[in-house]
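As written, the chains take the letters A, B, C and D, and residue 1 is the first residue of each chain.
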């Protein structure tokens, strides 16, 4: 799998409250609608203009804070192709894999990328191609690969239960 | 008020339509009157489509005690800014009546309207012609006609000034 | 070679000896969900399984917005009641005077037990480590999958050992310690790790203080945080334990740690986390005098009877200068506070005391901030927009610092009013 | 020809003799707004005065916060902030923030209401202040703004209805039941634009909270105001709160013997039974017996109509007699009207007992009456509450509500289905 998209770049410790504000956690239950509030308190420009296929680039500890899965769902339903970060908070990492939203850890690629640039992620070769060079990232552990191949945790569970 | 004959479609309501049905308390925090029409009649079964489908010039037609309940002026704004030019009702509740007048928003008191609505003599979607000055209301769809009384006394003066604030300003100037 | 707490607990559950880095699949014990049980149920149904794996392992506790403020919240609660009925869920805490903030209920009702693996669809599930449990927060899909299969995967985490000695000085409490740790190692300082609290000072601490510490483990990125299941814990849980499947487990003395930190409580002083990150540490001296519009004493971090006592001591006989919202962590805390006359102290001081629940902590309920407003809070997060508006500011602090600040209408040093 | 109470009140406020039907400009004694409507008032005032306006008398303007106290939405928080800042700028000291409780009750407790006062507020139940002989009325924001210019506003001098109530309530029956009975008898527009004066030995014996209950529901019959002459303990209480001027006011307030009433009604409560307003209108009234056994999901005791200490005490008596808990699956919520009431409940030991029985106690506020606050109902749920409106969808789309007395509400909470409190009280 290989994806190419335009970069939206952010700093360190971007938390789930700015990705998907808590006040919507019980008033918005429709998945598609969640996309409307993505990054509302971080970057209103993103909220308005993000396109399907765009790629988010973050610093360390992306998605720290709450366990709310909407912080992944809201990006997924906007069609965000992947998130490249220096690191992910634990629950966010799990939630992203469970939702089938590709996430990649590569501090070098993050430093090489600026907002608006194009970036290509080649999952087969485990590399990120930027204007400043190509960077390798560690491949997913086998277990995680299985999850992603099945399209997320729920389809994975269905498959394993034979449903 | 200029004498003009208005034409539009009727949205017909029964008696005792309260302010929660006109403008639900859920949206009370709104402070911009122009944003209020989107919530009109959201909680009134059968009229949930009003906010989306009402056209500028359409009339609100109701029975007795229209606007009973809360003091919220939102319930006037949400119709005024939806472009409803006048409310026709057999009677209005007290606070609603004041709020309408205070905004220079025309209302007509139409005798027998409550029964006429119950008897189906005026129905949702009927084409109406309303002469505000003369108080003549004609249902062009079925030929029925009604008479409505405008406000009088001080209320008429306030209405003519365009609302209570404007009235008080005029009064202050003339002093 | 010795084992860490995480290696021992996960190893026992996996039925093999495990070390950090390994992935294990285990059956968790209690699985806690709050108001989000309804959306989880929606996902669960998509899997195509009819029954949850063990109804008695599920615990539902309504707390995020109770009683329901809007019909959407009400619909959500109603769905949960229907699931409870349909699936025969025994442990359900509805909008009644038995409830409260989910993590508080889990601890005071005997669900949080030593050696149990527990998950919750809330990030502060790590609180139960105060009772020696291995507990961690997960997302909604993962919870749905767990209900269906009774299984969850974990990468056995590396561990961080934090050893604490000494005694708090007057006006200083566990919240100040954890804010100091967050400031030192930053919000990702313990990413993916299991934090173990060791040392004589931890043994001295009340269970409430340990809960405050473990609760905020997530704020430094940890998978879980845990204190030793000592006699204090055992005395507390034995009469109330909801299962006898627990086992007091602790790390070996020669366990291997990825990182070790040492703190002396005597060095800790009153402090805050400045907007907009939990690791934005400042000593009280640096921020003293900052004007505030609201003070909030509540949340799963600091709203237990011990916290209320500390705040009431400061507020007794005085009047607050800003609106001050007090939300006890549970109804049993509320009732205890009432018995001790603390509710009267708060009301006489001009505080609003609301029914137990999460309140304004995540921007859902009682006490949302307006643009440009500043709040000092005993909760656990000060992220931008967390309490409602992105143009507002939140300072995190201890109950004593919050109470002292409420009195003056500006951030204040509790040592000056004690 | 004699004058009614409202004619005398308006005469004082207008400074001249007045006739029924006349439009009259009156001086305001107090012009108040809540966190509902208050921000609209402030923004409108600032707009029409180009931010240069000064309210006529900062001591006669008050703000109360009870719509969402504390707020749970950014919009309401912002509205509250707008009000606080305006009050500061204008030197308005009477700001009763989120820690106080329901507006009218807070004004009363703070001695800001005297018999004969003319008071405006952005709350349709302002007229419950008629319980102490004040003419208070709910209005929209424009009326409030207009009154802030020169402290005046206009009223039509209304006709007056006279209601005389005699007899003693049987055990389990109270003022709320009488009121419900009256609403059922007269209908939603039964007091259309009228002032109503209440007389008779039942009224003379009644407590302040009973009078408040009675006058609060005048709105549900589209009345302008319900008025009761303060006497006995109510008068003592008022003097204690609002000072000796109360006594002077009372002297000039009583209706003349030959006052003219447009309608006179008499009720006797000796044989009155517990009553309830069934879904979905206050005037859809039945005896509790007739609907007994109907399932109820949530019970709420509170609101400006029935949230005072006596109301909560009445509910407590039912709980005590039942010696039981709320029914399994039932949510029971009590919201005291004010902080003072909450403290009284704490002192009396009620809160502990209610909590032990499974009832939730919230902070003083309008609670579910304003929706967007404690106690919204999901579709299909049935509630019973001591509030004053049960219009369809008011507390949640697709839900339905019965209105009843605190005793009936508590009995229903205990049994999990609509219950006549006499079944418990014996």
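One rule holds in what follows: a contact is a pair of C-beta atoms (placed from the backbone, for glycine too) under 8 Å apart; a residue touches a chain by one contact, two chains touch by 3 or more.
None of the values given here were measured: they were computed from a predicted structure.
Chemist: From subunit D, which chain is the farthest off, judged by mean CA positions?
Modeler: Measuring from the centre of subunit D, the most distant chain centre belongs to A.
Chemist: Roughly how far is subunit B from subunit C, centre to centre by C-alpha average, rounded to an integer in Å?
Modeler: Centre-to-centre distance between subunit B and subunit C: 53 Å.
Chemist: Measure off the straight-line distance from the CA centroid of subunit B to the CA centroid of subunit D, and report it in whole Å.
Modeler: 28
Chemist: List, in ascending order, every residue of subunit D touching at least 2 other chains.
Modeler: 73-74, 76, 371-372, 397
Chemist: Give the residues of subunit B that touch two or more other chains, as numbers and ranges in rising order.
Modeler: In subunit B, the residues touching two or more other chains are 26.
Chemist: Going by the contact rule already set, what residues in subunit C reach two or more other chains?
Modeler: 65, 70-71, 73, 76, 364, 368, 388
Chemist: By the document's touch definition, which label belongs to this structure's chain graph: line, ring, star, complete, or other?
Modeler: Per interface graph, the chains form a line.
Chemist: Which pairs of chains touch one another in this structure?
Modeler: Those chain pairs which touch are A-C, B-D, C-D.
Chemist: Would you pull the subunit C residues touching subunit A in the complex into a rising list?
Modeler: Within the complex, subunit C contacts subunit A at residues 23, 35-36, 39, 43, 46-49, 64-65, 70, 72-73, 76, 120-123, 125, 137-142, 144-145, 148-149, 153, 155, 186-188, 191-192, 218-219, 221-223, 277, 279, 362-364, 368, 381, 383-386, 388, 390.
Chemist: Tell me, which parts of subunit D touch subunit C in their complex?
Modeler: That would be residues 69-74, 76-78, 80-81, 97-99, 298, 326, 329, 331-333, 339, 342-343, 346, 351-352, 354-363, 368, 371-381, 395-397, 399 of subunit D.
Chemist: What does subunit D use to touch subunit B in their complex?
Modeler: 23, 36-37, 39-40, 43-44, 48, 67-68, 73, 75-76, 79, 82, 121-124, 126, 137-143, 145-146, 149-150, 154, 188-189, 192-193, 219-220, 222-224, 281, 370-372, 389, 391-394, 397
Chemist: Within their complex, state which residues of subunit A touch subunit C.
Modeler: 12-13, 15-18, 21-23, 25-27, 29, 40-42, 60-61, 64-69, 72, 87, 89-91, 94-95, 98-99, 141, 143, 152-154, 156-158, 160-161, 163
Chemist: Can you list the residues on subunit C that touch subunit D in the complex?
Modeler: Interface residues on the subunit C side: 65-71, 73-78, 81, 94-98, 293, 323-325, 331, 334-335, 338-339, 343-344, 347-348, 350-355, 359-360, 364-373, 388-389.
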